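The next part holds the structures, each set out as structure tokens.
Paired with subunit B in one complex and with subunit C in the other, subunit A is shared by the two complexes that follow.
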Partner chain A sequence: MNSVLGSRRTALLLVGPALLVYTAITLIPILWSFGYTFFSGGLISGFTFVGVKNFQTFFTDPNAWNALGFTLRYAIIVTIGQVAVGYLLALLYVFFLRRASSFVRTVVFFPVVLPTVAVSLLFQRMFQLAPQPGPANALIHAFGGAGTDFLGHADSAFWVLIVMDIWRSMGFYAVLLFAGLVDIPDEIIESARLDGAGGWSLVRRIILPLSAPVLLSSIIFSINGTLKVFDSVVALTNGGPGNATTPLTLYMFQTAFTYGDYGYGSTIALMLTILCLLVTVFIFRGSRRDVTKA
Partner chain B sequence: MTAVIDLGRDAAIERPAKDRNRAVRLLRRLPMNLVVVLLLIIEIYPLVWILLGSFKTQDEFLNDPFWTLPRSWDVGNYASAFSTGNLGHYILNSILTVFPALFLTLAIGVAAAFALEVLVWKGRGTILLLFLAGIMVPGQMVLLPLFSIYFNLGLTGTLWPLIITYTASGLPLTVFMVATYFRAVPREMFEAATLDGAGVIRQFWSIGVPVVRNAIFTVGLVQFFFLWNDLLIALTFTNSEDLRTIQVGLLNFTGQYGQIQYGPLFAAICVSIFGTLLLYLFLNQRVMKGLAAGSVKG
Partner chain C sequence: MGAVIAAGALALTGCSASGADGGGSSSGDFTTLGLTSNSTPNDTLKALSTAGCQAAQKSNAIKTDADEQTQHDQKLQLLAGQNALPSVFVSPNTPDLAKQFIKGDKLVDISAELKKDGLEDQILPVAKSTISKLYGQADAYALPNELNIEGIWYNKKIFSDNGIAVPGTWDELTAAAQKLQSKGIQAFAGDGKDGWPITRFVGAYIFRDLGPDALQDVADGKAKLTDAKYVKAAEEVSKLGKSGAFGQGVASTDYSGATNQFLSGQAGMFYMGSWILSNFNDASQNKIGADDIGFMPFPAVDGGKGSVDQTPANVGQPLMMSKAAYAKGGAAWLKCIAQGYGDQVLKKSGVISGFKLSATPSDLPALTKTVQDQITGSTSSVLWFEALFNSKATTASQSNGGSLGNGSLSGADFMQQVQSALGQ
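Now for the complex of A and B:
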């Protein structure tokens, strides 16, 4: 019996095509890209070996620091925003709407499936000032304020981006966290209520600790996604004004394809990959320490 | 027990006060209900706004405030988006790349997941891990070598780079998700089939695939959204206007007109948004479950 399900040749036959495609189009390019980091130049200009110069450049390049700073700021704020708003929504679904939450859940979730480019163009128009103020500026006018060219200034462009990405993804994290909250046994919540816990203290002492695992995985998913932000930046601000909203992903893209420097581009991509790994490991370890403390 | 007693007392003694209680409860729930209503407005209003806008003329955009209704329900903007804006061509490119890639990634991904999860052989753990590693690596890490490869193979200028890259980029998540579903299938099913004399390929095709049919559909749906909404890969490998997918086309949409033509732009955004929205309307529970299961992709 085991000889049939254990036949190695047939197994390789089934896994072969996928493994072949994956190796050729993902694994080898990753190693190849790693090799590029020791060269300068590109397809048109040709490659020259430069040793670790690209890494030295990266750490002294003000644009790279700028991109790194933006990436971190964006990732931290959006992660906190997504998970916090998602958690509040999940609490709303479980404890306020209860059985009736299905409709609201479905509606709040839908921006997740919309194409980022379309959503970005939509937000560009919603926050525009000229030639005709969009809803955001019209609202400010209505309250007597002066309109702002939101996407024309570094700070406000950053916040429009944050608002847009939280708008897009909060329903997703709400559903993810909702699944975690529903799994908490009713008896625990009921007995905590009988012990006099209600409202805020119920959430803080009972529900929050019990949903810690699903919160943790949400944070890891979120930070891994937001560190790689590309689509929404490209479509909403294209990194501007200036390079104020340029994340590492976009800086890498520009370096490689606009300036034709594959070596330095690969170095930036590698730094991003390392950053994702470091952050994930860091969160994992941080959470383990907390668990042992409690 | 206490609940039963409470209920009995309620009915017996406090019946006259019941209506008032309900009113009090409704009033207490009012602030939160307002929050829910506000939430729904925040979600839905932008779409209503863009839909109304897609019927407005350039003149209405420049001179009327944003909240006005269009003066006529003219579909001219949509016609312009398809003719001058070339939207139809972009959609066709998206269909021609996403669906073949989707089919390929599902076909080889499901086979691989079966081999890695159901079959027992040395080395399967390592290979499964190898696939999982691919989920975390940013796409930027593979773009440049791929560009070199396609350039040297002479594939640049066709849709092949997109199809190939999409197929590979969907694999890790497909293998991971389908393997998870296979794990839930009782092993006895396959063992019984073995006793009946079915070979591995036969088992894969006649038992494995039908049993996880629903899962394959869900995974396909999730991958469809990822591929259809992709911008990074499409932007990298579409070096001419002819090859643009709907996302790249939409990104460069205003360039087709010289100056921003709001009506056609809004119409194009609408086409892009309401296409995926329609799919979501019919399959929302499945999409939500699938995307939540695929959340490892970040």
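Now for the complex of A and C:
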């Protein structure tokens, strides 16, 4: 086996096709998109070389800053929500429900398999005011309140989106973290209990440090997913009202495909990529320091 | 390294911009691209293929297709970039994109082609002038498959039950709205989800207050939407919205929801174009009865430079023809569309088009007749708020329409956002 894989020609032959496909469908479009950042114009009007003007525009564009602000706020809140609720659910599965947890796990996981558009429609109906009040407004009416057009106001639309995305994905993170928790040897937990640890102190001193690697993976997974949020926003609010719930991804999509400005759209895409890289590196570095301390 | 990539991208983009001179259909089909939300153009063209366009159909058979309105502009841009626009298609949502098509020599000059066959008078003058104004061209680059006027439809019964006379001025309109509100009746049915039915109020107010050229001045850079006299229009609409005139849930009410509000008697008035007649004339949708619906032009603004005779008019989303695909039977199709579309669409769907009719049907519904009379009586027309804006400003305006309709956005902030998107 070693002699086969030791041959450079064989290795190249095995890796070659996959590398070729990867280059064709991933690397070339990325480089192509990077090239676009130095141009303005679109498919119909043609392209003009503008140097770094698109980058200057990005830093002075209030809409881009709004979109960046929304993206960061959304990513931080949803990541905390997804991972925290997922972790609590995982603890519930392991320490309380134990072997009986499979039914609850299936039920909580169910929203993950639902299409985003279906979930968004469900939430639109749940929070609608007109033509008929949805359950949320019906509840407010039942308590004598006036009802709110949740998706028609910037603040409430943001929170409906947050609740929806946490609900939609908490089952996934619960299962991911559950897999990490069941890997903790029973003997360690048992001996900690004999030493007097229990409840919160058991979680803080034993469970949390031992599940740190899977927790870190979850956070990186979640932050990268939420920084690139697109489908749930489009389906629930389409970035509105106004541009109150427009993340960078949607702003990029609109700029390139609705306004026909491919160059500036590619610049926004590049900025988003840099943001994702920075956040991931930041989390990695932070976590490495923690692990060393532990 | 950067220079190499940039040079490479230039070569690649240059390549994609020119494209192959392929045309919309590789076969000899006469391809169409309509909208899923409005099947009338495709249905009418299909009907023409068996009545009036048989010869054209025989040599180049019609092949219809439709897409979602929200994806339409993107699809057209991509197709135009590849020189693969369909033979005939519903124009982009944003007139600015159509202007780019004209500039990029992607469209058939309809006026010039019809002139060759001596058919230029098949397009009504009012339709031609609206198309010319919309795309900034002397010639028509679009087929007026619709000719709409816009204004306020009102529920006659609600008006008479509450002792309201048809308002002639903006102040009378807001007073009528207030009166209805005080009786617990929603004054206007409003579609804030799409936004434009609300921003139409802003445009119409501007035309009445500042005159018919006010928005052309903005497009030409002679005025700004942030000027106090323009902001006043948006402030008036925002104030109306804050009072609840469009309903609490306006920002998330869509087109069919708003239509349903009006046709089920839940709202007293509805600003809409005459394309809504097909809904009004449909007894299964119209619960208040066509006889109980009246039409009033957008009211005058006291001391304003505009007049109520200047009717907001449009040609809907007119049909356009691809220059690249025109050689494949386009000429024969254009000739028979110009001669037969108007009669066919009025007979089949009750839609008034901008084509000359060979005969006016005697059994026209009363409301359709009212609209036709209004069109005949109009001395001049005006466009709508976003008609001369680029796509970015159109999106900024319409996506904020809901917030303006519930009063959560001030007129000044609204105008600031649209002006900033205009980039002037």
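Keep this in mind: the second predicted complex is superposed on the first by the 273 of 294 C-alpha atoms of A that agree within 3 Å, B and C clash if a C-alpha of one lies under 4 Å from a C-alpha of the other, contacts with A are read in each partner's own complex, and residues count from 1 in each chain.
One rule holds in what follows: a residue touches a chain if its C-beta (ideal position, glycine included) is under 8 Å from a C-beta of that chain, and two chains touch if they have at least 3 such contacts.
Quantities reported herein were computed from a predicted structural model and do not represent experimental measurements.
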| More residues of subunit A in touch with subunit C or with subunit B? | B
| query | Thinking of the overlay built on chain A, is A:Y36 touched by subunit B (first), by subunit C (second), by both, or by neither? | reply | both
| request: Tell me which partner A:G144 touches in the superposition: subunit B (first), subunit C (second), both or neither. | output: neither
| task | Check the residue A:G199 against both partner chains and state whether it touches subunit B (first), subunit C (second), both, or neither. | result | neither
| Can A:S7 be said to touch subunit B (first), subunit C (second), both, or neither? | first
| Which superposed partner A:P131 touches (first subunit B, second subunit C, both, neither) | both
| request: Name the contact category of A:F257: first (subunit B only), second (subunit C only), both, or neither. | output: both
| said: On the A-aligned overlay, A:T26 touches which partner chain: subunit B = first, subunit C = second, or both, or neither? | reply: first
| said: Going by the contact rule set out at the top, does A:P185 touch subunit B (first), subunit C (second), both, or neither? | reply: neither
| request: Indicate the residue numbers of subunit A shared between its subunit B interface and its subunit C interface, in ascending order. | output: 32, 36, 43, 131, 257
| message | List the residues on subunit A that touch subunit B in their complex, please. | response | 1-2, 4-8, 10-15, 17-19, 21-22, 24-30, 32-33, 36, 43, 89, 92, 96-97, 104-119, 121-123, 125-126, 131-135, 138, 167, 171-172, 175-176, 179, 217-218, 221-228, 230-231, 234-235, 249, 252-253, 256-257, 262, 265-266, 268-270, 272-273, 276-277, 280
| Complex interface listing, subunit B residues touching subunit A | 29, 32, 35-36, 39-40, 42-46, 49-50, 53, 61-67, 108-109, 111-112, 114-116, 118-122, 124, 127, 130-131, 134, 136-149, 151, 164-165, 167-169, 171-172, 175, 190-191, 194-195, 199-201, 203-204, 225, 228-229, 231-232, 235-236, 246-247, 250-251, 253, 262, 265-266, 269, 272-273, 276-277, 279-280, 284-285, 287-288, 291-292, 295-298
| request: Under the touch definition given earlier, write down the residues of subunit A that touch subunit C in their complex. | output: 31-32, 34-36, 38-39, 42-47, 49, 62-63, 124, 128-131, 146-147, 149-154, 238-243, 254, 257-260
| query | So in the complex, which bits of subunit C are touching subunit A? | reply | 5-6, 8-10, 12-14, 16-17, 70, 73-74, 77-78, 80-82, 97, 100-101, 103-104, 106, 192, 247-253, 257, 260-261, 390-392, 395-396, 399-400, 402-403, 406, 408-409, 417, 420-421
